[in-house]
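Letters are used for the chains, namely A, B, C, D, E and F, taken in the order the chains are written, and counting of residues starts over at 1 for each.
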Amino acid sequence: MQSSLVLQNLLSAPVLFFFLGILAVLLGSDLEIPSPLPKLFSLYLLLAIGFRGGVELAHSGLGSLVLLTISAAVLMSILVPISSFVMLRTRLDPYNAAAVAASYGSISAVTFITAQSFLNVLKVPFDGFMVAALALMESPAIVVGVVMAKLTGSNVAERDGEQAQGLRWREILQEAFLNGSIFLLIGSLVIGYLVAAFSPAGVEKMDPFTEKLFYGALCFFLLDMGLIAAQRLQDLRQAGAFLIGFAVLAPLLHALAGLAIARLLGLNQGDALLFMVLCASASYIAVPAAMRMTVPQANPSLYISTSLGVTFPFNVVVGIPTYMALVQRFIPAG
Amino acid sequence: MSMKRIDLFLSERELDRVCKALRKAGAPGYSVMRHVTGMGVGGEISEAMDFSSFGANAHLIVFCKPEQLTPIQEAVRPLLQRFGGVGFLSEAEPF
Amino acid sequence: MQSSLVLQNLLSAPVLFFFLGILAVLLGSDLEIPSPLPKLFSLYLLLAIGFRGGVELAHSGLGSLVLLTISAAVLMSILVPISSFVMLRTRLDPYNAAAVAASYGSISAVTFITAQSFLNVLKVPFDGFMVAALALMESPAIVVGVVMAKLTGSNVAERDGEQAQGLRWREILQEAFLNGSIFLLIGSLVIGYLVAAFSPAGVEKMDPFTEKLFYGALCFFLLDMGLIAAQRLQDLRQAGAFLIGFAVLAPLLHALAGLAIARLLGLNQGDALLFMVLCASASYIAVPAAMRMTVPQANPSLYISTSLGVTFPFNVVVGIPTYMALVQRFIPAG
Amino acid sequence: MQSSLVLQNLLSAPVLFFFLGILAVLLGSDLEIPSPLPKLFSLYLLLAIGFRGGVELAHSGLGSLVLLTISAAVLMSILVPISSFVMLRTRLDPYNAAAVAASYGSISAVTFITAQSFLNVLKVPFDGFMVAALALMESPAIVVGVVMAKLTGSNVAERDGEQAQGLRWREILQEAFLNGSIFLLIGSLVIGYLVAAFSPAGVEKMDPFTEKLFYGALCFFLLDMGLIAAQRLQDLRQAGAFLIGFAVLAPLLHALAGLAIARLLGLNQGDALLFMVLCASASYIAVPAAMRMTVPQANPSLYISTSLGVTFPFNVVVGIPTYMALVQRFIPAG
Amino acid sequence: MSMKRIDLFLSERELDRVCKALRKAGAPGYSVMRHVTGMGVGGEISEAMDFSSFGANAHLIVFCKPEQLTPIQEAVRPLLQRFGGVGFLSEAEPF
Amino acid sequence: MSMKRIDLFLSERELDRVCKALRKAGAPGYSVMRHVTGMGVGGEISEAMDFSSFGANAHLIVFCKPEQLTPIQEAVRPLLQRFGGVGFLSEAEPF
């Protein structure tokens, strides 16, 4: 059963385009999607996923299951970076440990979208409110990461001179809640909600843009993610075996925790998979940008190469079907 | 008339901060090129992470009078130290 | 009634995304739509609006009402800059007065599109030939603006030395008629007309691109316009109270003039609103680009911040529903 | 009959937008589609054409006619550069002769797409496997071109010093098979095939992106191609009468050879036209990029201006309908 | 061999005009970077208006022989004066 | 402390090769601007062919110590000779 899920995932258009990107780098092709085109697709995906999530949230309403699920997701985005930090501190200095930990507490929207596409192919239904969980898991992880770095990094104040005394809360909160991609995602979610609630004709008019075009645009973006992930592979030497091991085991561990919570909450199969994917995935959009600003002592190639070079491909290729097999085993259907 | 030319290379994410510092320090003007890639002690910087707001480098050029140099150096150096980035100086004159 | 129109406008997706952009700047988010992505959307919107207008023009034909309406629009694009110039000269030097006046004589395609979307939501029909009026209102305003600047700006020839004697007609006409955005709009209009007239199957094949995608692309572009308009707000201090007042009162005045003309011509409600919007809106695409070349003595931040930072948001948020209320009061329905 | 075909072609939206681009340059408009937007459209078109071709290949299967046609196409991509080289050597040095010859052996995907659109308008059916022929004609022409340049260019080794002894096969094959546009085209073809064969639901989900949007995106891209082709016209002075004559006669000659082969193979009318267009068109994407790397002695403005400034417009405007008239005369209908 | 390096910063919309003037004045070559932002006496120039054809700044670099400098200065200075833009000069040599 | 500034202009397609040569020759760092257009003995280079992977020019800047110059020159010059491109040298110092 699981092997058929893996195959079904491997032969889907988004995953194949992801492989094509990886292959291009491995073979030495000069295929390139020049900047800022990747940004166009990432902005588009965030806008579309937010808007659609908002529309579905308006339809489903804010019942107690919805609120409980979202709360559990936020809780995970606080606990995961703390537990990851403890693990990572055995080998890394506090700055790098905190930055990597923040990545794994946060989420990867593209992994989430790929999981949604996978569920669509399997014809397993899922709820729109999971996007709200996605949107709310980025900021706490960033805050927790920065706070851990500042608290445990001994010589911060010294290095930064007088202006750096204590935590710069304004800067941290700014990066955590006003980071462009988080802001766009949450903003589009709210707009989708408002439009669905107050001028439903607008939802239909957005449909060709946010809904119909989505799958193709995802393929295009995953082609680029393949290119970038493969380029990151060479940074892995710097990361070392410990971090690579972490990048594979952490998602599995976090997915299992997610499974347990999903079962506790009584989520349906589709939502359970998405919840696991949120826990298992690591951020390579909002968190690295925030860390580069707020924890400049950490080495970006460490936190980017683990989340983008290892965990992301792992989740997209192997993780999602594996988690689905677990869902089918432990979560009652329909 | 002799002038000083300053070339700064730093992260795009620090750009606003440095420009503000330059204005405050009395720079008569400056020019900015973004999307700069490169290599330094902090390793290689590419445009690959541009899809996030991680950003590449920026190249800042300032031409100023010799007496304007010191305040600019005092304003900019701490920022370069904190976030990485390098600066170079050379001689110039008006065109 | 009017307050419900305002609310209906405020809760539409395009206006909400416009607000999201403004909010991003006000809160200090680093959300950015990097260049040249905004240009992609502006080229797309001009191409699509032109093509669709051409198709509808082919269907409606060039009857006498069409020709009269277009002539009235062109006339307004000549009179408005002259009257605005007289008003503005009380406080501004001739160069700045002429540049601002030219903006207000010309039009804002995005405001026009937003008004069309608004009519669609209200299910009020309108005619395609109004796009032809839109397309023909840009150039005259530019010519009038430049001529006024040159005639009243005394020391032009002196400043520019020998090459600047008299009006450089070639340059002025080039900017007025061959400015990229004007050229693309008019060209697409002609192509839409030709395709509709001679190979109608092509219209249907263009439909997913020019029609279906339009609403979503407009939202995306308005998100960017919100970012840009809000950035312009800080330039307003430079503009001063007089110019800010002008930027709010001029559209109201011009809209009223438009209403009178629309009634005289016997336009239907939808066309009347669009005619008012054409008169009331100010250009921030073609005119600033033309003015930067032909009237370099004027300060761009004055003419851009008034048209883009004040008049554009005013029209999109408050103006359109207000004009519609006036239309419903003074123009007989269907 | 032929004049009606020409007219039908001239009044199609893609060709009209191509003219609009040319007109913009001739009149001196500042209309510009800034980089990297043209790259977005060229990547999109390659991805979409490849994917659609792969899907259709999966449906038609790899029968003997398919294999024979593809083989004939590959053969032409080897023979055409050789015969062209012989012709061109009468006036050009070996490097320039080889680079121009390689262009004409290869293909222009946009010309091919325009021909497909033309067939769609005429409602003449054609097969998807022609895209496979298209994809496989780029690489051989590049290899043949470089080998001819190296073999006949006497002083290569001297100029390049020690590292340049002999043919640098790795570099040549890299450029021929891993050039970004060739790689994306072939990769998308394979993905389209796999998706159609193993997860057909994915084909439908890609449809709005790869199929519906295609015609409009082609128009947009042809607008840009018009701008670029017209800018190239001024380089033609450098090319001289001989090369201009070649750029018009070579496509006709190659189209006739293509017609003969199509008849021999028993292709239907649609496929015959596409086969002729493959033979007649010249590359201005993959080949120039490859030549700039592998034959740096050749002058890019010669091989780009002939293929892009003359042969491309000739084929799009006059060639396609002319070839269709020949097809209708010499290839039995359906 | 001593050379002169010229750095010009001007509006993208004036770029064609200035390049033409450079070619006519005998510049042996030049390089252009567009999408340059900055600050000068004319205020701040950003890329925000790029969606129109308003344009940001361009950075033009010319390396030339000392004797080529004067004709270039004579050709370019009036353009900078008319439309805004600044120029700077420094010493260089071939690589 | 005196430093050397190297400005290289070359085809984007050669960029990787030259950067690799710089790293091997011991350059302490470098910065790259792409999408550079210009004119030289090889004629005009525009961005018009950017939709293919033909590419425009790149501008490479290297600041190095005087003793690092010779190995860099030896590594880079042959590449410029083979594929076109120019280089210039000037004096600088740390900021």
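Note that in this section a contact is a pair of C-beta atoms (placed from the backbone, for glycine too) under 8 Å apart; a residue touches a chain by one contact, two chains touch by 3 or more.
Quick caveat: nothing in here was measured; it's all calculated off a predicted structure.
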Partner chains shared by chain B and chain C (touch criterion as defined above): A, E
Chains touching both chain D and chain E, listed by label: C, F
Touch-network distance, chain C to chain F, counted in steps: 2
Furthest chain, CA centroid comparison against chain D: B
Chain at maximum distance from chain A, centres defined as averaged CA atoms: E
Distance from chain F to chain B - Cα centre to Cα centre, in angstrom: 20
Between chain C and chain E, centroid-to-centroid distance (C-alpha), Å: 33
Mean-CA-position distance for chain F and chain A (Å): 38
Distance from the mean Cα position of chain E to that of chain A, given in whole angstrom: 45
Two or more partner chains touched - positions in chain D: 30, 32, 34-36, 39-40, 179-181, 208, 212-213, 289
Per-residue overlap in chain E, given as positions that touch at least 2 other chains: 33, 35, 50, 53, 90-91
Complex contact set, residues of chain D against chain A: 35-36, 39-40, 43-44, 47, 51, 174, 178-181, 183-184, 187-188, 191, 194-195, 198-199, 201-202, 205-206, 208-210, 212-213, 289
Touching residues (chain side chain F, partner chain D) in the complex: 11, 13, 35, 43, 46-56, 78, 82-84
Residues of chain E touching chain B in the complex: 6-9, 33, 35-41, 57, 59, 73, 76-77, 80, 86-91
Interface residues, chain B side, partner chain E - complex: 3, 5, 19, 23, 27-35, 61, 63, 90-95
Complex contact set, residues of chain D against chain F: 35-36, 38-39, 41-42, 159-161, 164, 179-181, 224, 227-228, 231, 284-286, 288-289, 292-293, 296, 299-301, 304
